Amino acid sequence: MQTGIVGLGRMGGNMAARWRDRGHEVIGYSRTSPDRDVNSLEELVGKLAAPRVVWLMLPAGDPTRQAIRRLAELLSPGDVVVEGGNSRFSDDAEHAGTLAERGIGYVDCGVSGGIWGRENGYAVMCGGADEHVRRVWPLLEALAPEEDGICHAGPVGAGHYTKMVHNGIEYGMMQALAEGYELLEASEYVPDVPKVLASWRHGTVVRSWLLDLLVRALEQDSALSGLSGRVDDSGEGRWTVEEAVRLAVSAPAMTAALFARFASREPDAAQLRALAAMRQQFGGHAVHAVHAVHAVTGVSAGSA
Amino acid sequence: MQTGIVGLGRMGGNMAARWRDRGHEVIGYSRTSPDRDVNSLEELVGKLAAPRVVWLMLPAGDPTRQAIRRLAELLSPGDVVVEGGNSRFSDDAEHAGTLAERGIGYVDCGVSGGIWGRENGYAVMCGGADEHVRRVWPLLEALAPEEDGICHAGPVGAGHYTKMVHNGIEYGMMQALAEGYELLEASEYVPDVPKVLASWRHGTVVRSWLLDLLVRALEQDSALSGLSGRVDDSGEGRWTVEEAVRLAVSAPAMTAALFARFASREPDAAQLRALAAMRQQFGGHAVHAVHAVHAVTGVSAGSA
Amino acid sequence: MQTGIVGLGRMGGNMAARWRDRGHEVIGYSRTSPDRDVNSLEELVGKLAAPRVVWLMLPAGDPTRQAIRRLAELLSPGDVVVEGGNSRFSDDAEHAGTLAERGIGYVDCGVSGGIWGRENGYAVMCGGADEHVRRVWPLLEALAPEEDGICHAGPVGAGHYTKMVHNGIEYGMMQALAEGYELLEASEYVPDVPKVLASWRHGTVVRSWLLDLLVRALEQDSALSGLSGRVDDSGEGRWTVEEAVRLAVSAPAMTAALFARFASREPDAAQLRALAAMRQQFGGHAVHAVHAVHAVTGVSAGSA
Amino acid sequence: MQTGIVGLGRMGGNMAARWRDRGHEVIGYSRTSPDRDVNSLEELVGKLAAPRVVWLMLPAGDPTRQAIRRLAELLSPGDVVVEGGNSRFSDDAEHAGTLAERGIGYVDCGVSGGIWGRENGYAVMCGGADEHVRRVWPLLEALAPEEDGICHAGPVGAGHYTKMVHNGIEYGMMQALAEGYELLEASEYVPDVPKVLASWRHGTVVRSWLLDLLVRALEQDSALSGLSGRVDDSGEGRWTVEEAVRLAVSAPAMTAALFARFASREPDAAQLRALAAMRQQFGGHAVHAVHAVHAVTGVSAGSA
């Protein structure tokens, strides 16, 4: 089938290529990409035959919101917009409402798979009305590795909601693997950690795609010595914790994973200096002055 | 090859069966199993041709310790004992020492795979001297799904150490999946949670054997309504946290998983009653008397 | 000075009494309290001499919002409204804006002290313009145990923000004390836990008002046996975690405290049943059927 | 009364001074301190009149163990040794046993108060037989700020056990305060954080000695800018977590505090590099190379 795509970054570009590989006609627009086929949203809409499908792969927040407002003006009743970027699930109702006023359908679609997706396929989780999801189904089928990997999770918002929870789980799993990796590295028992992890791909309880990726990274850099310890986070991890708070669901593993990333980016965080300050006050504990090497703690003063 | 096995419980019995399926001669002993082939350790040792291999699958701690002491008396120099049970890695040096005094070799072997192992193969992580591991290699090959799944992780203790860390990771991954499951169940966006999880087996970042198992459980009981919320733990999760403490490795996800299980078994834990008591003291907050239904908290008193 | 107060619940009623004890003229209104002096907001405003002060002690959210909208109609330029309830700090700008359109001032004031405040004084943290805070200063002085206990923390919102963080700290401190209490209760070393805690009030690093309260609770019920383990939470704990997420601040102790309360209210939470389900699938672990007594776990299956 | 003291570091020296101030006769020995009164354990024992009291303030582990073995040889039946250092509670039974073989009594005594103790008094928690605790009671009285601050917590081990749990609570409380401090510092609402914390000393729920110390530190350095973020830990925090694991007590706040300190000392910890490695593998996420400045994450790849 024919689709427009707005946003030709790493994800959007690969998805467009995968669609084309599978016989779909894709017209791409991006403000900045040299790979674009048209030079404006207007031109994009003009080149698509009604009823149209326009798939958005833009940064969440204002860029997506503005594109949807403009498309509400340009598209016609019966067209469908798919928000395939990383919108917060709570924005989807607004997006759908903006389009529904003009009779335009809306599907929110969480897409997972990273740079492997073009070749291996993407996981696809979408939300929206049945008729709108049905309209875009051939595009979903072309993205997914197999039809069972497409999930119509519920009404508008359900796609991004489901993707968000997926990413929260991913945070927790990655953190668990990372902690295990550090324990093996720290232990005197295990001389060759990459070998152990590689063996775990076969028959263990922890076999998983994330383990495969960690093994692959260790094949390329056996001590991960080329990387720093600063770890970014994207919105989904934060939103998952916010949802846990809203729904009164205890989510300590996911939250631990998020906080570990926060802490990784603040080696002299205010909270750590506050701890050092209190220790210094009550105990005369040796503390580490700025830039000092790790001082000997010396005689304990009965507290910690 | 020929091996003796001591302990014919769920794990030992399945392993013996898998060995026999693959052409090995297995002589089994258990104090209690009707499947035993001999009636005593003495008889077991007598039936094995030197140099012998005896594989232990007994509960960790005293049962394993006693069996090793007795085998040190019964076996001969050149024989090898494999401790395939769940010994704490720190016990392995003692076990190896007891046997080494008599010239008997020792291999510690962590075996993972649960009830699926008999058919699909077990992950096998072992520790010990090369010559001892080589002696028992055909048995390891028969257990593993493929040769890459066997890991000679290091010296004596490394097998159980590696298995322990594996299980710690498993705790963290399970907790992450469980938190995500509860979020989906609690949300108003997702009407059919099992369907979402089933779709995640294809192309997502969280695809894993544990996800497969959760999907399978939901196929059998779509709301898991037949299960209670009490979750046991086995030793490895605790030992992993102890190791994190010993090695000064931050392990919040693994520890969160362990503590969630602890808390699940104490619905009226002393700490919770202490929280309720403090709230009652400072705020006149409504608290829940024993067996009371969930009271309305009423007017806030400025604290929490 | 003269003030109106709207809301005569536990907090509002005690604060009104404390003001009167200290010579202020208080006119109280509440929809439901028999202690009210007037029968409507209109009557309240009519009885106050301009420039008026009206202090709100209503539940956060809609009740407070509606009262402020009505007061914006009833009051006159130069009057000041104090929001002394538990509004989320992010609502204060809206409240202040509603009133500012009519030339009415706004002070947000976090008040802490629980049922002890009437006698011992309240901690008072407020936000707003200097001129508005100055106007109500005599009321703040009458609430606080001493003038140093009044904090003008910053612009509109700063009072509730500061109170929110205070409550987040309180959550963490309470959780730490509660964990320690349970450890002492669980240990075989400490026959008389209340005695130990009572002694800690003198000279220890953990001496604190919360410790005093726990000691007091134990004086009344030495094993806290009259309380259940269900612990409620109020909004501030949740908002603090949301702020930590927004500001990318790692806050594991506060969050642990919040999640412990969430978990306390769901003894058969979906996440726990999911853990049990995974264990059952991979290991044939004994799990606890609904309402079953704690079963023996039996033979281990190599995983956890 | 008369006592010997072994170990004249910061704690031992201050305690000796406090005893002398209150009229006790103190004979001090230390291998290294210029303040020592005698030059050997032998000389110390020789100068004390039977029945003797010898109070140890040495580093835990081997130094304490060796001193006790030597004192078992030098002292006489009826003498009492007090272990006032930071021994792990589980070592006390061994220490007591070594001395009991010679008819010598043993009291384990946790002492808390830091550098403030000399002037303000120490919290004193001890374990041992009644007769032995009674013998040393005048020394305990001289240490404590008032008699209610002395706690005979239970049998041998109970003093150090209680002190350990005290320190675990202290870790949790400090972490809660530190998190709150960082939130206030990070927020746009609070221009003067030290002022807010100072006000909290009056009437709040979080008023505590640790808050007092943090306020004092901020008086000396209003942004804590002279301190680095590396925070050491002493044994008690680790032991508390180990006990929580042993006793199956969920202790997330205490553990979070310990792990925050661990993480503070490893800015490029292996687990963080593992997280970065996995992100790089699956998403082509921008990651931070060693020593690189904080790169822009750029276009998201659908995962986190």
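We call the chains A, B, C and D, going by the order they appear; numbering starts again at 1 in every chain.
Simple rule for what comes next: contacts are C-beta pairs under 8 Å (C-beta built on N, C-alpha and C of every residue); 3 or more make two chains touch, one makes a residue touch a chain.
Listed by chain with UniProt protein names: A, B, C, D = 6-phosphogluconate dehydrogenase.
What you are looking at is a predicted structure, and each value in this text was computed from that prediction instead of being measured.
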item: Relative to chain B, chain with the most remote C-alpha centre; value: C
item: Rigid-body rotation angle, chain B and chain A, from Cα fit (steps of 5°); value: 180
item: Chain centre separation (chain C, chain D; CA means) in Å; value: 32
item: Rounded Å distance between chain A and chain D, as computed from the means of their C-alpha atoms; value: 42
item: Averaged-CA centre spacing for the pair chain C and chain A, given as whole angstrom; value: 35
item: Junction residues of chain B, two or more chains touched; value: 112-114, 117, 122, 167, 170-171, 175, 177, 179, 182, 186, 205, 209-210, 233, 244, 248-252, 256, 259-260, 263, 265-266, 269, 271, 282, 303
item: Parts of chain A lying in touch with chain B, wherever the complex brings them together; value: 89, 112-114, 117, 120-125, 127, 144-146, 148-151, 153-155, 157-158, 161-162, 165-173, 175-177, 179-180, 182-184, 186-187, 189-192, 195-196, 198-211, 240, 243-244, 247-254, 256-257, 259-260
item: Partner chain A, residues of chain D touching it in the complex; value: 9-11, 59, 85-86, 110-117, 122, 167, 170-171, 174-175, 177-179, 181-182, 185-186, 209-210, 213-214, 216-218, 221, 224-234, 236-237, 252, 260-261, 263-292, 294, 297, 299-304
item: Footprint of chain B on chain D - complex, ascending; value: 205, 233, 238, 241-242, 244-246, 248-252, 255-256, 258-260, 262-263, 265-266, 269, 271, 282, 303
